[in-house]
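Below is one structure. I have some questions about it.
All chains are identified by letter, namely A, B and C, in their written order; residue positions are counted from 1 within each chain.
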């Protein structure tokens, strides 16, 4: 119960930030950090709760970004059919939904394919997928503009009763929308892991043979988890496209997946708050380091950071802090329901 | 795919025919056959390496047979995945304690009740009344199972922190969560002291009274002889004896197999 | 026809170094079950060292390559001793994360030291191609081919004919039994990692003069190495060797006849195709080193 209260407080606090952080520069950092946190939440579902090391998560992020951008800009592409495929520009919210659906679809495809192999092979397939997407984005210039990037992507917009569809021009408004989407994603994941489905995913992570012996259908749940994970990552990508308003093939870079991985692992994989904490640290840290050290050094610190966390804080920050809290405060009752009287 | 075998008797829960498993050049199972009738408690015994756990692994789908067939309630289990076999009502425990170690005892059993629920992604996200009802029912069932095995007092404890005997009980509770028609117990009494073993015996008897058929692999002769309706003896991958506990105990081949490997058939 | 021969020759030249890369990685994969994300970085490391020795220190070309190999060996041993050995008991995810951390640190270290501009490693060979019948080949490439063949033969000799090779094979088959028979398993692990890294470094040093040297060269190469290993089957050295040549030929012919832009994608498509259709690799002889 107190965790829920803490979460709501945190959200309220985050929501008020745009009110007194007036500088657009800081707001932009806040927004991009929030977007990355959403991406980290998506990765955590697969990595933390289901125990699958998907190192191609940037692929879903990128697919979401490109889909939303293309749908909102409209496009015309020749794919060998008698006449080219023409899509008129769509309102941003439709593009957003489209991005989520398409990413989820790819999640399903890749899930079905990738989970035929497990362990290290799975990792390699997921990395390869992201790389292939990057090359497609780079080379299919007719559709994606290749390295010249998709520009002038329309900004986020919402539908207000009375005002109709309005574009969110100020950084503060954008940030609020991103926060709202983030809260929804967090909430969805929380609901998922606290259900029968969540128990099945955790069972697969903890002890797969045992899970199978009580009837958990492995492939089915892995694919569902991947679809949801991909959909959330796609949502983050779509938000990114309309906030930054430029999308180029670099969104597929492995380094973005790695950033998500650091956030999840350092925050605490398999916890709900982990990606948020990790996202805050590794989303804000580059800004703090900016100016004092060149970007390469930052990445070296990231790399060394992952190693140190794996060695010294293997479960991440949130569980470590929770353990500390448990030692200090009296624990009134156990984590789950009914204990026999 | 899963043909109904017409020739098998309808009161047979498990029908194993000429089951053979070759691993590398080794014959782990050399063609064994036996039937387990509904409602019986049947034991599979034999010295170490006789092929008992291999038989279990093949029957429950964790390993592929080189030859032979397994029929459960008339259905051919060839190429059926373990999770589907569990769904059909054939559930096993593991020889080396297998738990969801990071979860609490209650969560372990709740997870094991997976097959008793239907809620999928949509239900999880929307928390409809039907979902909430199902969750409440599952919680109640989990509590029942914990009461049955006697672990209710430890419900909130992390599974990894339990004492060994309690962990074995939890392993049984997990298998019970899958609502088995046929329960395969792989050395349930391994490492238990006499009073814990006696407790397990009682549980197995009570489970049979509830209508579950039990097939167990065991080394503890006292336990085997006192609760089994029928005993099958394996040695080096082959069945060397079958019959009532008394018959098997007197069988000279069985005695030779056990004395030969340094084990003593307890009275 | 001439085109085919030319592509074939180019593929074979490239294939030799790919084979070295693949062998190094499959060795580490097979014996230690480690997903070595630093493999590509060792390749880049070798290339940069070749640049350092030849272009900056003006050492002899052939000596430089040997030195690069030795340095790769040392760096590999260091990585194993510092990062992997203390982790020995942990699960595959943890090991992968540590390797990823090392990958990032190494690559950006290289970028920090050398900057992002590509470097050219000068070679002592003549610049005009030799014409052998219908095909032409640069003397440098011929040298690379020769060097890789020598290295491949030497490596096979090491694995098949020496006690060390036998110890490695024993560890690969069954580490516990090997330990019982007196094999220093931890030492073998360090040696394996070092040897695999050295092979990657040599490949980098050999290819450095052919392609330019830049800090991100390791990424693509590292993933291609994985493609080769998957093609050939985990731990299967012969498979990795053949896989290296197969990938190089696929790239050459694919780039020549299908699309040169997607040249590097062929490796990944190979990975995905093989894992989708035949996960155990093209060569089903699992479980053998050599």
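The definition used in the following text is that a contact is a pair of C-beta atoms (placed from the backbone, for glycine too) under 8 Å apart; a residue touches a chain by one contact, two chains touch by 3 or more.
Small disclaimer: the values here were computed from a predicted structure and weren't measured.
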Looking at which chains touch, is this a line, ring, star, complete or other?
line
Of the chains present, which has its C-alpha mean closest to the combined C-alpha mean?
A
For subunit A, which other chain has the most distant CA centre?
B
Roughly how far is subunit A from subunit B, going centre to centre by Cα mean, in whole Å?
42
What is the distance in Å between the mean C-alpha positions of subunit A and subunit C?
33
Mind checking the centre-to-centre distance between subunit B and subunit C? Centres are C-alpha means, answer in whole Å.
48
For subunit C, give me the residues that contact two or more of the other chains.
none
Under the stated contact criterion, what part of subunit A meets subunit B in this complex?
188, 191-192, 194-200, 202-203, 206-207, 209-218, 224, 228, 333-340
Residue set of subunit C touching subunit A in the complex reads 29, 33, 35, 83, 86-87, 92-94, 96-98, 100-109, 111-112, 219, 223, 226-227, 230, 261-262, 264-265, 268-269, 271-272, 275-276, 279
Using the touch definition up top, name the residues of subunit B that touch subunit A in the complex.
60, 62, 81-84, 86-87, 91-92, 94, 98-104, 106-107, 110-112, 114-115, 117, 119-121, 123-125, 127, 131, 134-135, 138-139, 143, 146-147, 152-153, 155-157, 174-175, 177-178
For a test of understanding, state which residues of subunit A touch subunit C in their complex under the given definition.
51, 53, 55, 113-114, 116-117, 119-121, 123-125, 127-129, 131-132, 135-136, 138-139, 254-255, 258, 261, 265, 294, 296-297, 299-300, 302-307, 310-311, 314
